[in-house]
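Read through the structures below before going on.
Both of the next two complexes hold chain A, though its partner changes from chain B to chain C.
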Partner chain A sequence: MTVKIRFFARFRELLGTDIVTDVAPGTMFTSLIISVAKKNPEGCAAIFDETGAFHEFVILMKNGKRIEIADVAETAVVDGDEIAVFPPVAGG
Partner chain B sequence: MFSEREFERYQRQMMLFGEEGQERLKKAHIFIAGAGGLGSPVSIYLAVAGIGTITIVDMDVVDGTNLNRQILHYPRDIGRKKTASAEEKLRELNPDITINAIDMKIDDNNAVKLIGRAEGIVDAMDNYPTRYLLNDVAIAKKIPLFHGGIRGFYGQATTILPGTTPCLKCIFPKPPPKEVFPVVGVTPGIIGTIQANEVIKYLIGSGELLMGRLFIWDGLQAHGEEICVERNPACKACGDMTTITTTPGKKK
Partner chain C sequence: MIAIQTDDVDIGALIAAAKRQGTGAIVVFDGVVRDDEITEMELEAYVDVAIQELKNIAKDATEQFRLLHVDIIHRIGRLTVGENILIIVVSAGHRPEAYAGSRYILEEIKKGVPIWKKELTKDGGRWVPGEHSHGKPKTV
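And then the complex of A and B:
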């Protein structure tokens, strides 16, 4: 099955975007994003902390719906999912 | 009533929203938190559009490193208070409006009083702790918060109507880390202009506000998109608010 991952802003600079990837059924959300992000250590470090958990400020969406970081490690992706990973910006 | 000079100044926009809309802008009082990268375009466009009363608050002094983006401030202003510089420029841009420029750090103790009777808050800050504070005041006063944020070539904006849309804490429960952020002036120019556009639409009751929509700007791709955002019923800031379905200021 395939899912699409969309990175935004700085994450996009580091990792590209609109990444369509083949995944095995039962693949968990967090492990999927780690597997895609680890191609660039800087990109991986921007999204995940040293324990492999999402930084708490990262915004995650699945098919246009917000999902909470607390839930993603236990959430499996399904065929056709579109996942968005977004870093809020703080400057003014 | 408008003077001859005001009729002339506002002629082109009264073609859009009439004397009635212009009157609405003239009676409005908008609070702008910050006179930096976002605060510059926001205050300039709101001033020239004829927002009757603008309160702008900042605690900083103009620094040489500000000049690539903070277009209210000129090289001659280096070392001056940003509020003094902002007040001078905005008065000159439009002598027919009232500018309250307040040199102060917005904090827990003064925020409610500073914002006073303003009917909308523009978030032109560079940090989340103060943004969360503005969010709390917007919720307490049930007035809109026009949010913007930038970094590098990227920006985000949304319009928060407490009780109707998600609040800032629903959307961003945790702040991104503090940093000296890279930025090119066009990015706050774009995002600040969107915020000012939202304020004007809110006041005249036209169009569709960025309600429940987080606008995301990617300047490198020259691409804008939006993601839908929803209220969090467990939100620590606005979770207790009853849902309000009508949009204030919106004419049916």
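And then the complex of A and C:
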């Protein structure tokens, strides 16, 4: 199954965006993001702390809806999911 | 008109279109690129999501403040000092609702709409830090 990961702002600069990746059924949300982010240590450090947990300021969306890190960290992604990872917004 | 776009807009035309039956006040907010010793500003958005959130904010503002018309145009791409970034035009029967509705829309955009700004300088660039972190948008 495939999942799309979209990084924005500083995270995009470090990791790219619109990353479509094949994942095995049962792949967990956090491990998926780590596996993509670790391709760039600076990008990984921007999103995760030294324990492998999301930094408090990181915002996550799944299929266009905000999700709490605590609610999804240990849940599996689903075929076709679009996951967005970005820093605090600064529009206006 | 709710839009995220690279092009500028004709604010005068928006004001003219905002005059509806019953309009007694129109408030225009125009956020511009400030000269903070930058060369340009680069704006980025999660466009599909941001558009939907702007529509939701406009709907909420219309209901809460009895607005007669709302325009929100947020620009993206590279902008120079003095260029328009965000234009909000609201029309209401009376000024309290128009001022309050405009302010509400602006603050809600700053709280949660996925848009980012990078200030470009002679020495590189810096992302403008956001005020609100993860999860649901927080109130100030």
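Simple rule for what comes next: the second predicted complex is superposed on the first by the 88 of 92 C-alpha atoms of A that agree within 3 Å, B and C clash if a C-alpha of one lies under 4 Å from a C-alpha of the other, contacts with A are read in each partner's own complex, and residues count from 1 in each chain.
We adopt the following convention: a contact is a pair of C-beta atoms (placed from the backbone, for glycine too) under 8 Å apart; a residue touches a chain by one contact, two chains touch by 3 or more.
This structure is a prediction, so every number in the text was calculated from the model and none was measured.
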First (chain B), second (chain C), both or neither touched by A:C44: neither
Touched partner set for A:F57, first chain B, second chain C, both or neither: both
First (chain B), second (chain C), both or neither touched by A:I19: neither
Partner chain(s) touched by A:R66 [first = chain B, second = chain C, both, neither]: both
Partner chain(s) touched by A:A9 [first = chain B, second = chain C, both, neither]: both
Touching partner for A:G91 - first (chain B), second (chain C), both, neither: both
Touching both chain B and chain C, residues of chain A: 8-10, 12, 56-57, 59, 61, 64, 66, 84, 86-92
For the chain B and chain A complex, residues of the former touching the latter: 34, 36-39, 123-128, 148-152, 154-156, 171-179, 181, 183, 188, 216, 218, 220, 227-230
Residue numbers on chain C that touch chain A, as the complex places them: 31, 43-46, 48-50, 52, 74, 85-86, 106, 109-118, 127-136
Chain A residues within the chain B interface of the complex: 8-10, 12-13, 56-57, 59, 61, 64-66, 84, 86-92
Complex contacts: residues of chain A adjacent to chain C: 6, 8-10, 12, 54, 56-61, 64, 66, 68-69, 84, 86-92
